[in-house]
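Chain IDs A, B, C and D follow the sequence of writing; residue 1 opens each chain.
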């Protein structure tokens, strides 16, 4: 059991009130597991990802606990978390293109960062170089400024940097969305490689793009409007999804490489509810063909088959 | 960031050094005459006077201010007045044949020992013996002849018109010069010029080009006077006593060894310095001196109002080419309408005195016709003004509170003075408001100096203030300004209102031709002028601008003051007043002996 | 864009207005600034009514006197009522602010929009122009122009101030337009074949309201400062009182030496207070319009 | 990078040309006659006055046709000849300027650099915490909002009149002659301090605000968030933010030069400090075309050069432009 998340609830504070972006999330990730996290933009994927490593205002920790390798993470405490960041849990951010300080030579920045984390640059240099070779970055990049790298190069640089201290959990947030199809593939495969070489134990890969997950993820977790909808192994999700939303998602899954952000789920009528005081109960119900009176209650996220979790009354009815 | 600070300190030191040296090198910076060749570099003051300490010895230094309008730029004694930022060029360095004492109204022989009319057309000047230039050469009749001849040679010299009636100058001996004249001699102008034309050394000036003579800067002036050029900077001119001045035996030794003539940027600076005794004599116009004088911070000529001697007459010029200012009755009404007392008391806080309707300074009161004044004179009297208006047919038709012209046109007049001349601005505000009280719609506006000056000279103003007639030994100077003729496109130096009246022009010219000795003759003419002037009222004399002078007795005493017999002189450093007793004042001053 | 740039906000586009109000009512900086400015504005409006004397009238025969019940801000060297001059000066100040600031902003917006929206040659040209005007030191030009204008009114003053003050507004607006014009809604508008002017004012401008407001406020303040400087040097309106002129005259007439602080302190204080409040208001608005700063 | 500089250079040249032309135009097409002013008060009879007037017009070359005056203006400009001052007749304008310039350098360079340095430090400091922000920022805003001359007046009044510890006029004591002696330098510094202080204080305010806003912006930048996510300490993040915020501050400095120069002009007037500003005012009041043009030209050239230097500095300190990208 690498990561265990229990009843994690995180809101956004706005002056209109709380935006309930992540509602009591319960899930776990096995050692060595690559879990894909899918859903429409704004469904809380990124919120989940961030809240695990960098929970800053206006994000507000409400409740829930997070355990990494049996250790409790103080995610609500920016300072205490520093102990775990990078070393235990790390992230490849959405904005990898602009994640590097533009006015520092990359090498210098890396060493300054490492020193600040009490890591001897010298001792780790050889490893760094090896990993650069691995991602096919020439070692010269260390002598360059970010602006002198192509988007793909930056992407890879960040990947190497984020995983340099072999964290237990890596959060990869939309790392492919900014890339062209061919590079997407390469990057995705690198992630797998990283896992295989045990640079990281387990991974959460956040993306719009289920097709990518199809290539690399062991399991896929689908979110809708701040709630977990379904989690199961990739094959199961692809072949026999249970949650009506997942079904739609998969059925409307177009050819490889097209991203959901662009075509707003043409198939499904209506829009996700506003997360500012959303309706209680299943948040998908307005758009759900199968919705019935029970759906006004919050559906729990239950394991209906082995390693197959769903949050849908309709499904429960069936299994009952 | 350390580096930044270091770099900074270096820069600081550097720029400091730079400017220090720059200022030190000042004199070498002095402008060359317009053509560039023959540059005789001025010695660095420090080199020139090695024994000089950095700080001037207060007890032998006189600090004065209020004469310079701007940084010194020329030491050419022939430069016209408004350029004479270096006061003393004429007075300290260059001298005139005579001086004039406005206190006694007498001509004082200066370079000349005597001068007299041997006949109507011949004037003979005898120079003193042992006159010398500060370079040791003797000052002789030839220099005098040379100087006057320049006027004949170069039309652009201000005294050149004199040659319309002067026919020749001859040096009979080393000390005697004879001036031969032609027809209609302007005796008045001549006598005036006698103490205004500076005598320049032939041996240095004969080699100068026309341009150098007329507009050259003439730095390091070599003259015959009591002081020598020492150095100057943006805000000061410094002079040192000429220890072998010829005049020491004749008049005595000027008390200050050194004179620092400070150009204060604004009145408030001078005010601060004079109250703190940093300036000994300030000739700036300073507000509130009356107050400070009462409190004993500064001394002034008079203990009480007007505190100051009168220097010139502030005249309200009326553009007589415009309706209704072309109507004598209207102009007279205006004269009665203006609240001069308030100008004196409010705008000037009692620092000035109301002017005589004749416009003549008190020192020339001999030439005032008391009867004429009594009969035709005017004074602030709103009712009277309204009466005159009514009689002349100026009535308020549309009752807006202001009268209209007899043919019913509304009247709106602008009274102007240069923006920033705060005392005058205050004055014209009062003129406007008091005129309005009498029913004449007058508004005050303050154009920029330049614009104002253009309006003045091209005659596009309605009413404006002016005081350009210098203190003089003859009433002709004033009337020559008031009734300057012929009337031209540009009236650059008088009769700005373009008052066209041949009779009075002739009278002024006639006055010019009366010999100075013929007092009765002069009075005859002046009373006619005054009679005409007061009936016609082409312009309105309002008040006497003061000979602004406030002094501190902290370091120098025996200043000129009412009833101080030991120093009956003018306490001024203004250009053009050195020959009016200014220099005698320096001689009479006494240092405060520090015990 | 950092992830937490709230989704709800972008969704709440229609609610923008009341959201603005919502924040505005909670923003101390904006409120304080606004209150101060309004107070002075009020004073400028009703002051002249309260003033017992005309600004130039020689009310007090005793000359310079400290503040008293009779003369609330004392009297000048000539016994003129400082309070009266002060409030009339305030009027002029606000007038210059509105006129100069307004015109300046307008020009800036015009140039900025066109440059940013058209791009290409137009942009290049306007850019050069902007850079040129930026480099030329404003005051030096104003000095010279003012020095040669025969009759100078508050209006002409404002115009010339505006003519030299617009560039940086133009820059800001240009940058904004650039980023905005690439957004979808503009493309949409383009596709639906709207006139470019229509697009600028119909689509882009509303999205930049915040910018325009802030630009105006800054211009407003700048104009006031410039005017004060001109007036102080004696190159302001030649026939009206102004705060700068008050300072100049007080200095010329030895207010320093006589310690007539009541004469030279109020005008400068007012200018500082007004302009300062304007700036602080601006920060407030910035926080309101730009959530990033809100958390600070 | 070449292109970048060429572009800049072009703009500067254009600016220069335009400025010079405006500079030449304005006085000539505005009312007021310098010669007339110069000869005003010389009481000689009308005809003589006319003669003198013509003579002086000729000396100033004002009797030439306009277009020729313009060409001559450029011509002599390249020979470093700016004509003769009317108000300081017959001093060549260049000499007049030469005397004033050192004072400006002496006043401007330290106040600009220091206020920039200190202001940025303060600004960065303010961005540390809400508390600091709420104390430093308002102060800074008040400072920038203060009219230069008013601050000058206050300083002059308090230190000059009330406390009497600093002189309020001139560049050095009237009781001294310029030498490189300690007392003299002391006196120079004493006279320099108050004008410097008022320029410095106003400057600090502006710079502090600029920096404060930039830093806050940078702290919200992606690279800052990334570092946070990797647990980098605040100190490192702030250090980077400062480094990045400095760059726009440099360009900001270039833009504010005009304002600072303007400030210097009035400050010099308040303290009658004999720099260009003081000169320019006198020139204007005396309708001295040539001196006005000279001052204006000097200011323009100064600002242009300063801008260019800043551009170069910018290129040096900003890797993005240094590594051959245009810095627009």
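The criterion applied here is as follows: a residue touches a chain if its C-beta (ideal position, glycine included) is under 8 Å from a C-beta of that chain, and two chains touch if they have at least 3 such contacts.
These numbers were taken from a predicted model, which means no experiment stands behind them.
Steps from chain C to chain D, minimised over paths through touching chains, total 1. Hopping across touching chains, the smallest step count from chain A to chain B is 2.
Of all chain pairs, the one linked by the largest number of contacting C-beta pairs is B-D. Using mean Cα coordinates as chain centres, the one most removed from chain B is A. Taking the mean of each chain's C-alpha atoms, the chain closest to the overall C-alpha centroid is D.
One inter-chain figure worth recording: chain A and chain D are separated by 55 Å, centre to centre, where each centre is the mean of the chain's CA atoms. Centre-to-centre, using mean CA coordinates, chain B is 46 Å away from chain C. Chain B and chain D have Cα centroids lying 38 Å from one another. In chain C, the residues that touch at least two other chains are 2, 147-148, 150, 234, 251, 256-257.
Shared interface positions of chain B, defined as residues touching 2 or more other chains, are 266, 272, 420, 448, 450-451. Multi-chain contact residues, meaning those touching two or more other chains, occur in chain D at positions 31-32, 160-161, 168, 222, 225, 269, 285.
Touching chain D in their complex are the following residues of chain C: 2, 128, 131-132, 134-141, 143-145, 147-150, 168, 221, 225, 228-229, 232-235, 244, 247, 251, 256-257, 259, 261, 264-265, 267-269, 271-276, 278-280, 283, 292-293, 296. Interface of chain A with chain D (complex): residues 53-54, 56, 78, 81-87, 90-91, 93, 95, 98-105, 112-113, 116-117, 145, 147-148, 158, 161-162.
By the touch criterion stated above, chain B contacts chain C in their complex at residues 266-268, 271-272, 275, 286-288, 291, 342, 345-347, 349, 419-420, 422, 426, 429-430, 433, 445-448, 450-451. For chain D in complex with chain A, the residues that touch the partner chain are 221-223, 225-233, 235-236, 240, 243-244, 247, 318-320, 323, 325.
By the touch criterion given at the top, residues 56-58, 61, 63-64, 77-79, 147-148, 150-151, 234, 238-239, 249, 251-258 of chain C touch chain B in their complex.
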